[in-house]
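Reading through the C-alpha cells given below for one structure.
We call the chains A, B, C and D, going by the order they appear; numbering starts again at 1 in every chain.
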C-alpha cells in the first residue's frame, strides 16, 4: 500500500523533488521534462538510464560519480517519453558519447530507441545496451526476458569503465558483456498497491508465494508453497546457475535484492543461504550487494541475480562510486 | 494556407473527435488514447506559442515535440512521424516536401513499431497517404487525395484483427472497431485539405 | 510479514552472519556472545550501541569509521544481555574509554547499566548517553520517552567527534547535547509481523492510521484518519517543532525515516512536505537523511525527527562516515 | 561442602521447581521466567565445566556469568547478585564473606532495579536473607537461617500487589501468586543449607 502521497498524479514529481533535495550535493532534478543529472558532471562517456518509476532507488539513486550521469523516470510503472530521454541525453553528453542502458520492456525500448535517433540527429554519439535478465520470461516467442536487477551491475561496472576514461565503444562493450553474463529470478510474498489504488494487484494465501514475478506488481509464472529461506533461495538460485552454465571454481557477483517491503534481516538470511548454496557447487561469491535496490513499490519478496565475474568485472565493481543509493 | 492554420484545424478536429477515439481505444486497447492524443495536441500548441516557428517545417517539428513529450505508444510514434514531415517540408510547404516527409515518416514508424499494413495500426493510414502524396500535383489536390486515402486506410482497419499494439491482446473483440491511430492520420490530412481549399 | 527465514529462533544470528559477510571489509560478527565490531578498529574513544533486533540497519549498519565501534543486537525486539554488551565493550575499547549509546527501554537501560559496571571493573572508562526522543511517550510518570530515530544523529555526530580525536568527556558531552536537541514522532499505516507469527501485531481500517507508534510494532497513542502526505507530515512535525521550541531562523537536521515497508518515493514526498512545513515557519533544514534507517520489521509508516543544529553539529554530521548503511 | 556442590544442588532444585516458577510468571508476568532461569543455570553449569574455578568465589562468578548471558529482567539482576556474592566470598566460603556478598548483592539489585522490599520482587527474599547472614555464626547455621528468612520473604510476596516488573502491569491479578524471583532466592539458600548439613 503506497500511503504517503498527496495526489496520485503528482506523486512521482513531488518525490523526485524531495529526493533531489535530500541529495543536493550529488544530483539535480529537472522537473521539465523530467530527469535527474549529476550535480558535478565529468568529462567522460556519459551513461543514461531510466524507465518507469516505482523501482527506486533504481535509477535515480544511481546517478553520481562512477555510475550514471542521468536517469529518466516515467510515471509509476510507465516508460518515460522520448522527449524526456532526449533532454537527459543532451544534458549528460560531454562530447564523448552516451550509452543508454535500457531494460527490456516494449515502451522503454520504443522510447529509448526514438530518443537515440533524436540524439544522433543532435550530433550525439549514442549506443544502447539492452538488459534482459529475468529468467521467468525466458521464452522463444514474445518480447524476450524482462530487464530487472541485473541493470544495477551493468550500470555499476560500465559506469566505472566510463569514469576511468574508457571510450564509448569500450563502455558499450563491457555493458553488453555484463548484461550477457547476468540472470535473475524473483519471488514475492505479497503484491504491491499503487498510489490511489485500494487493493494489491493480486492476493496470495498465507502459505503461498508467487514465483517468477517481475518488478511491476504483476503475477509471476506460478504459485508455489511457502518454505524456509534455504529452500526458497535454492528455487531461485538453481535456475540462475543453470542458465549461466556456472561451473565449479567460477566466480560471481551476487545481488540479493529486496522488492520493496522485505526487511534487511530477511535479505541477509537469503544472502547467507545463497552463499551456502553456491559454496556447495564450488561457486565463489567474489562480491555481493544485499539490499533493496530494484523495487516494485511495496512488494514483499526478493530477487537473486548472479553475474559471472571475470577479474575485469570485479575490478570495475570495486572502483569508487558516489551516488545517493550506492557509495564506496 | 499556413502550416500554423493546418495545425489549428487539426487540433480542433482532434478535440471534436476525442471522445470517439477514446471509445475505440477502450473497445480495443486500454482506453487512454483520447487523453494521450489531446494532451499531445495541447503540448504542440504550447510549443508553437512558445517558439513561434517561422517555417512550416518548424511548425511540424513543434508538433513533433508535443507528441514526443507524450506517453503511450502513439505519442512517440506520431512524434517521429511529424518529425520526418517537418524535416522534409523545411522552409516551404510543397507537395514534394510533404510527400517525402510522409514516406520517411511511415518508414520510421514501421521501423520502430514493426507494424505492416494490415496490422490494424496508424500505419494502415500512413502508408496509403504517403502513396497518394507521392503522385505529386498542386498542394490542395494532393492533400485531398491524401485525406481520402488515409480515410480509406483507416476504414479498412475496421474489419481487421489487430496484430500490433494493445488491440492485438483482445483478438476478435477488436473487429468492428476502426483503429483510432489510423483515424487520427485521416483527420490530420483532412484538416490540411480543408484549410487549403478554404 | 517477515517471510524469509528458516526458523524463528535462529533468524537473527543467521541474518547477522549474512550481513557481516556482505560487508566483510567494514565489519566483523562475533556470534558468541553476539556482537558486531569494526573490521579496522581505530585508536580513539569507542562508541558502542545496541538493543533489540528488527530495527536494521540500526545499529549494526552503523558500525564503521566515523560512527560506531561495536553494536550489540538482542533477539527481535528484546534487549541484548549484559554479557553481550560487556564483551562488545571489551572488544571495542582501545584504552581511550567507551561511550554507550542507549535507547530508553527498561531492558536496555538495565542491561547496559550492568554492562557499564562490569566494564568499569574491567578497568574500562565508560560513559552512557540515554536517547529518549519519542514524543508519543512524553508523560510525567512511567519510564519516560522511548528512544527511537534520534539515535542515528547521536551516533553520527558523537562518532565523528570520537573519530576526530575528542576525549571521552567531550564525546559523551556532544552525544548528550544531540540527544537533548532531538525529538521524534511516528505514525504507521500497517503493523509488522514478527518471524513465525501469522498475523500483524494490530489491524487498521483502510482509512485509518496509527499515530504515535514506536519501533516494536506496538500500538501508538491514537487511531487517526488517513490523509494526504502534507497533512500527515504536519501532524508529525508540529509537535516536534513545539517540543523543541524551534523559532524562526533556526536550523535543524531532519531525519525522515521509514519504518520498514515504506517506499523511497513516499519518504521523498514526506521530506518535500517537511521542508515546506518548516520553511513556512522560517526553519531551515541544514541537513537531511531520508530513508529507512530505524525500522520495526516490515511496519509501514514513517517517523520525523528534528535535531536543533548548531554549526558544531552540522560539521560533525558532514564528517566522513563509512559504514554498511551510511557512507559519505 | 564446596561451592560446586551448592550450585549442583541449586541447579537440581531449579529443575525440580521450574514448572511451578514458570506458572507463577505466567499468572503475573509474561511466562518466560522458567525458561530464563533454567537456561541461566545451564549456562552456569557450562561455564563451571569450561573454567573449572578453584575457589568458591570463582564458582559463584561463573554462575554470575551464566545469568548475565541470559535475557529478561531476572537474568541481569541475578547475574549481578551472584557477582557480588562471588567477589565477597573469594578464596574461602565463610559466613562473613557470604554475608558481605548478600548485602552488597541486594544493594546492587535494588540500585539497578529500583525495587524496595514489599514491591513483590526477588528483593523481598534477598534483603531478609542478607540480614540473617549478617548475624554471623557457623556457616551451616547461618545458611539455615538465611534459607528460612528467604522463604518467609518469598511467601510474604503472595499477598502483595506488585510494584515492579511485569507483574506490576497486572495489578490485583498478581495477588495470590508467590513472586518466582523471590522463590528462587529461597531455593538457592535452601540448597546451600541442605548441602552443608549433609
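Basically, a residue touches a chain if its C-beta (ideal position, glycine included) is under 8 Å from a C-beta of that chain, and two chains touch if they have at least 3 such contacts.
Computed from a predicted model, the values in this text were never measured in an experiment.
Computed centre separation for the pair subunit A/subunit C is 29 angstrom, with centres defined by C-alpha atoms. One inter-chain figure worth recording: subunit B and subunit D are separated by 89 Å, centre to centre, where each centre is the mean of the chain's CA atoms. Each chain gets a centre from the mean of its Cα atoms; for subunit B and subunit C, those two points are 58 Å apart.
Averaged C-alpha coordinates put the centre of subunit C at 35 Å from the centre of subunit D.
Multi-chain contact residues of subunit A (touching two or more other chains) are absent. Multi-chain contact residues of subunit B, defined as those touching 2 or more other chains: none present.
If each chain is drawn as a node and touching chains are joined, the picture is a simple open line.
Taken pair by pair, the chains that touch are A-B, A-C, C-D. Every residue of subunit C that touches subunit A in the complex is listed here, in rising order: 1-7, 11-12, 14-19, 21-22, 53-54, 56-57, 61, 189-190, 198, 206, 209, 226, 228-230, 232, 256, 260-273, 275, 288-290, 295, 297-298, 300, 302, 327-328.
On subunit B, the positions that touch subunit A within their shared complex are 65, 68-71, 73, 75-77, 79-80, 83, 108, 112-113.
Interface residues of subunit A facing subunit B in the complex, by the touch rule stated above, are 33, 74-75, 78-79, 81-84, 86, 106-107, 110-111, 113-114, 117-118.
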